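Accompanying notes for the structure given below.
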Amino acid sequence: MTKNRLEAFSDGMFAIILTVLVLELQVPHLENNTLAVFVGAMSGLLPKLLSFVFSFFIIAIFWVNHHHIVHQIEKVDAKLLWLNNALLFFACLFPFLTAFIGDYPTNPFVVALYPINMALSSMVLSAFWKHAFVNTTLAPNKLTQAQKQKRIRQDGMSTAINLFAAALAFVWVPITLVIITVMPLLFVVPEFLSNKTEALQE
Amino acid sequence: MTKNRLEAFSDGMFAIILTVLVLELQVPHLENNTLAVFVGAMSGLLPKLLSFVFSFFIIAIFWVNHHHIVHQIEKVDAKLLWLNNALLFFACLFPFLTAFIGDYPTNPFVVALYPINMALSSMVLSAFWKHAFVNTTLAPNKLTQAQKQKRIRQDGMSTAINLFAAALAFVWVPITLVIITVMPLLFVVPEFLSNKTEALQE
Amino acid sequence: MTKNRLEAFSDGMFAIILTVLVLELQVPHLENNTLAVFVGAMSGLLPKLLSFVFSFFIIAIFWVNHHHIVHQIEKVDAKLLWLNNALLFFACLFPFLTAFIGDYPTNPFVVALYPINMALSSMVLSAFWKHAFVNTTLAPNKLTQAQKQKRIRQDGMSTAINLFAAALAFVWVPITLVIITVMPLLFVVPEFLSNKTEALQE
Amino acid sequence: MTKNRLEAFSDGMFAIILTVLVLELQVPHLENNTLAVFVGAMSGLLPKLLSFVFSFFIIAIFWVNHHHIVHQIEKVDAKLLWLNNALLFFACLFPFLTAFIGDYPTNPFVVALYPINMALSSMVLSAFWKHAFVNTTLAPNKLTQAQKQKRIRQDGMSTAINLFAAALAFVWVPITLVIITVMPLLFVVPEFLSNKTEALQE
C-alpha cells in the first residue's frame, strides 16, 4: 500500500460522496407554470437545498484538510490505513445525514446527529494526524513540541464545538443549524480573501 | 495540494456527474408489446432523453475547458482550490436541473434555472482562469494584454448569452430549449470537423 | 489534454457505469421466510440479474478494448477526444437499457434497443481506432495496409452482427437474448483459457 | 493493459461500491419530534445500519487484500485481467446483498446469500493470487513452496468458513449474522493494535 494509492482511493471516495449528495435533491411536483407554484415548490425544497450546500462545503473542507495532512506524509502503515478507512466511513454517512436533516430540519434529534458525525470525523482525522506526526515517523519530524500541542488542542476544540452544537439542538434547533451553516464559511472565506498567492505546492 | 490532485479530483467528479445523469432516465411502463405502446412510452421519455443528451455534452464541454486551463497551470493556491470547488458545486447541480427540465420542459421558471446555472458555472470558470492567468503567476505569463482582454470579453459574452437565454424562457420557452440544445453543438461540431490533427498534448 | 487524462477519465466513467448497473437490482418483497417464496422472488429477479451479468461483462469488454487501443496511442487531438466522449455517451446508456430489458425481457422493441446501442458503441469505437491508426499518426504507424483493412472489416462485422441481432428480436425475442448473453462469453472465455501467459504490458 | 491501469480501475470500483452502500440507507419517517419516535425509527433502521457497517469494512478488507497482492505483481496478462473483472463483479453484488439482508435480517435464504458471495469473492481473489504467484511469473518468485501451500490452505479455509456460515443460517440465523459482523473485526482489530509502525511501502 503506497501513499499514492491511499490518496487516489480517498480522492475517489470524497468525489463520489460529494456527487451523491445531489441525488437527495428530488424534483418537486409543480401543479402548473405559475410563479406562485414555483416559489412554493422551491421553498419546500429549501431545507434540502441548504443542507446540500453546507454539506458540500463541509465535505470539501474535510477533503482539503485530509490532503494537507497526506501531502506531508511519506509512508503508510496498517494503522494509518485503517484510520483512513474509518474517516471515509464517517464521511460516507454525510449524504444520509444531509437527506435526514433536509427532511426534518426542526427535529432536534435529527439535527444533532449531524454535528455528532462531524465530531466523530474530526476525532478520526485528528487521530490520523497524530499517528503520522506524533506517534510515528510516517511524516518527517519538523514540528516543535509546542506546534504539536497547539494542533492537538485545536483539533480537540473543533470536536468540542461540534458536540456543543449537537447539545444546543435540544435548546433551540435553529442555533445548531446556523452553526453548521456558518462554520464552513468561517473556514473557507478567510482562505479565499487572504490573497496569499504563494502556491501550496512546493 | 498539488496540481495533479486537483486534476484527478475534478476528473473524478466530472465523470461521476456525467454518469449520474443517466440515473434520471427511468424505465417507462409498457402496457403491452405493441409498437404503438412502445412509441408512446418513448415519446413520453423524449424530454428526459433530450435533456440527458445536451446535459452530457454541456458537462463534457465544461470538463474539456477546465482541463485546457488546468493543463497550463503550474501551481495551485488556496483561492484557486476553492474556485475549483465552487465550479464543481455548480456542476453538481446539473443532474438535478436536467431531471427538473425533463419533468417540466414547458415551465419557464424551471427551464430558466438551467441557463442560469450555466451562467454561474461560466462565471466561476472565468474567475478560475483569471485568477491563474491574470491576477497571479500560477500559469506562466505567456499571453499578451490584448489576448487576456479578449478572453475576458468572450467569457463575459458567454455568461451574458446564458442569462439572455434564461430571460427568453419567459417570452417563449422553446427558444431557450433550442439555445441550450444548439449551443453545445456549436462548440463541438467545429472542433470535430476542423481536421486539426495536431496533437493537443505538448 | 494529455493521453493520461483521457485514460483516467474514461476509466472513471467505465468504473462508475459498471457499479451503477447494480443499482437496478431492487430488493424483492418476501412474504415470509419459506423456500418457495424465496425461490419465487429470485425467479422474478432473474431477468434483472441476468441482464446485470451480461451487461457487466459487455461493458468490461468495451473497457478492455478501449484500453488496448489507448495503450498504443501516443497523442490526443480534439477529434479523438470527442470520439471518446461519444463512446462514453453510448456506454452511459447501458445501465438504462439493462434496466429496461430486465423489466421487459419479452418486448421485441425493448430488447432490440440493446444490440442497437452495442452497434452504435462499436461504430464509435471503430471510428476512434481508425482516427488514431489510419487517418492520423496519433498512434505509431506499425500496421500493414492488410492488417488495417482486416481490423476495419472485423469492426464492420461486429456492428453488422449487432444490428442483425436487433432485427432478430422481431422474429423471436429469445434468439436476441441468447446472442447478447453468449457474445461476451465468446470473447472472454477464449482469452481466459488461452494460457497465453505473456504479459500484456511490455 | 498496464498494472497501474488495473490498480486505478479497481480502486475506482471499490471506492464507488463503498459509497453506493450508503444509498441503501433511506431516511425513515418520523411522526413527530419526540425521543420515542426517533428511537423507534432508528431501531427500525438498525438492521440497515449494521449491514452498512459490516459491509463497509468487509469491502474495505477486500480492497486492502487486493492491493497487497497487486502491489507485488509486476506484469498483467489477459487471464489476470479477467480474474480481476470477476472479482469486481462479485464485489458489485455486495450493495444489493447488503440492502437485502438489511430488509430481511431474519430470513435464512437471504442471510445465507451474503457469506456465499463472500466465499465466491474469496475464491476468485485466491485464484487471482495463485495465477500471479504460483502458475505464472507475473509476480517475482520469492515465496517458498511451503509459503505458497500455506497461503492456498488459508484461502481455502476462508472460503470454507464462509460456506459454513451460510449453512448455519439454516440452523439459527443470528449465528450467521454474528459471524459476518465479527469476522471483519477479527481482521482489522489485530492489525490496528499491532503497533507495527514499520511502513507498508518499501
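Letters A, B, C and D mark the chains in the order given here, with residues in each chain numbered from 1 onward.
We take it that a residue touches a chain if its C-beta (ideal position, glycine included) is under 8 Å from a C-beta of that chain, and two chains touch if they have at least 3 such contacts.
Quick caveat: nothing in here was measured; it's all calculated off a predicted structure.
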Subject >> Given chain A and chain C, the chains that contact each of them >> reply: B, D
Original post:
At the place where copies chain A and chain B touch, is the share of residue numbers found on both sides over half (same) or under half (different)?
Top reply: different
Subject >> Rotation angle (°) superposing Cα atoms of chain A on chain D, nearest 5 >> reply: 90
**OP:** With chain centres taken as the means of their Cα atoms, state the distance from chain B to chain C in Å.
**Re:** 26
Original post:
If you average the Cα atoms of chain B and of chain D to get two centres, how far apart are those centres in Å?
Top reply: 37
Original post:
Where in chain A do residues touch two or more other chains at once?
Top reply: 8, 12, 16, 23
Original post:
Which pairs of chains touch each other?
Top reply: A-B, A-D, B-C, C-D
Subject >> Residues of chain C defined as touching chain B within the complex >> reply: 1-3, 5, 8-9, 12-13, 16-17, 20, 23, 75-79, 81-82, 85, 88-89, 92-93, 95-96, 99-100, 103-104, 106-110, 135-138
**OP:** Using the touch definition up top, name the residues of chain A that touch chain B in the complex.
**Re:** 7-8, 11-12, 14-16, 18-19, 21-23, 25, 27, 30, 33, 35, 38, 53, 56-57, 60, 63-64, 67-68, 71, 188, 191-192, 194-201
